[in-house]
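Take a look at the structure below.
For clarity, chains are labelled A, B and C in written order, and residue numbers in each chain start from 1.
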Amino acid sequence: MSNISEAMKAAVGTVTGRTVSYPVSESDIRKWALAVYYPGQPPAEFIDAAAAAKTIHGGIVAPEDFNPFAWITAGHEKFIKNAGKLENNNPDNPEIALGIDGPGLKFQMNGGMVCEYGVRIKPGDVITSESSVGEYSEREGRLGLMLFSRGISTWTNQNGELVKRTTGTLIRY
Amino acid sequence: MPDTYLVPEVLAATGRAVSTATSYPVSASDIRKWALAVYYPAQPPQYFIDTQYAPEDFDPFAWGPKSHESFLPGDDSGIWHRHGINQRALGFPEWKFIVSMNAGMKVEYGVRMQVGDVITDVKSCGQYTERQGRNGLMLISQSISTWTNQRGELVKRTTNSGISY
Amino acid sequence: MNVNVGDVVPSFVRQTEFANWNRYAAVNDEFVPIHMDDEAGAAAGNGGAFGMGNLQWAYLHNMLRDWMGPNGTILTMEVQFRSINHKNQIVSAKGVVTAVDGDVVTLEVWTEQQEGTKLAPGTATVRIPA
């Protein structure tokens, strides 16, 4: 018995959306660092070009937790045209958003989020974020057969280098 | 309450430059976010999103200047007096005011601020006057903030008035 | 940088309140009523306004970064948001080294409030500078 349908298996790897940032400015980086270190002073590599030049980065870089998509983006595309209508807290929402039938499980919980970092974000970078459907898996647990589904957000820079990959897991049973 | 606030130190201060600050370069992102904030929840005009120039009310010193310097000997406040003037460092008597309030501002605009501009602010003392009010003698102080860009063009001159009693 | 299993990373500590939250809201465009307004936070069943999970996330990064210096690299991080960050709590981001493999170090990381209750526990891997 499995809750993973052929349509769900076929959906793995589908790119569902793409967002492109405006170029990251030194000002964005400086203000981000000032906010997250407040009321302390941020490290010099975020605000002082001369100090940053002496690090392995050779210049100012953004904190890993920096968000280049805050406030406004240069563009956003959604690739799934036949998506159904999402309902608040419906456990089938991940599949409804893909325009396929969900497994119809009753309960869901957040299974956490993992971030992997690649190259650092630097001033002038244009970051692209692609959302895609991750692997499905299932196993027998305390609560019966548990379905694990994953959403992946992949950030790359204008050179195609990986900046960050975030994988979120949803648990349904 | 003194008989007059207009003692020689106060009268001599008018016209005196007290401090300067220099901004980081204005970025396109700064202009966009400012416009999004002040038009919220509506969309700002497209020319701000395209960052042709900054809104008149844009503040390139938000989150702190790149550098600042006081011209007053003994001004040990150590922080940038963004909106005020250190009257103690000007040698003013230490009056015990019950109320100090912002009484208004007047701005003259020059050229627009654009991406890449580095703005210099010079603060100076304006006119000091006094007036009898319901609550006794009031001191009306003006401070003048003059912004120029990297080409020396006037961007904005702001006159702030404060009332203290 | 010499690192051993069991090493404790110096904590990154902040009293969390609107002064921090509003600044984070400003840079991240995270103007959500439950983080800005005590009434909205109370209506959501949390007693009052409370802090952003994203800011806990940032504090964990700050803690690792302050420890390694600018030449360290954060490779991965994973956290769960378990407890609400209430206003005026003293939040400490902490870390303990659990494994060392060459220059790649694995840590247990978490934020906790002043009484030691964990808010956001997780794990991280970093590459320490030479």
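General observations
Keep in mind that, in the parts below, a residue touches a chain if its C-beta (ideal position, glycine included) is under 8 Å from a C-beta of that chain, and two chains touch if they have at least 3 such contacts.
Just so you know, these numbers come straight off a predicted model, no measurement behind them.
Legend note: the chain whose CA centroid lies nearest the centroid of all displayed protein CA atoms is C. Which two chains touch most often is answered by the contact tally, and the pair is A-C. Per-chain CA centroids place chain B at a distance of 37 Å from chain C.
Note on chain placement: the centre of chain A and the centre of chain C lie 18 Å apart, centres being C-alpha means. Taking each chain's centre as the average of its CA atoms, chain A and chain B sit 42 Å apart. For chain A, the set of residues touching two or more other chains reads 28, 31, 34, 71. Counting partner chains per residue, chain B has residues 33 touching two or more of them. Under the contact definition stated at the top, the residues of chain C that touch 2 or more other chains are 29. The residues of chain A lying in touch with chain B in their complex are 22-28, 30-31, 34, 71-72. Per the touch definition, chain B reaches chain A in the complex via residues 24-30, 32-33, 36, 49, 63-64. Interface residues of chain A facing chain C in the complex, by the touch rule stated above, are 28, 31-32, 34-39, 43-45, 52, 55-57, 63-65, 67, 70-71, 110, 112-117.
Interface residues of chain C, counted against chain A in their complex, comprise 14, 19-20, 23-24, 26-30, 54-55, 57-59, 61-62, 65-66, 70-71, 73-80, 129.
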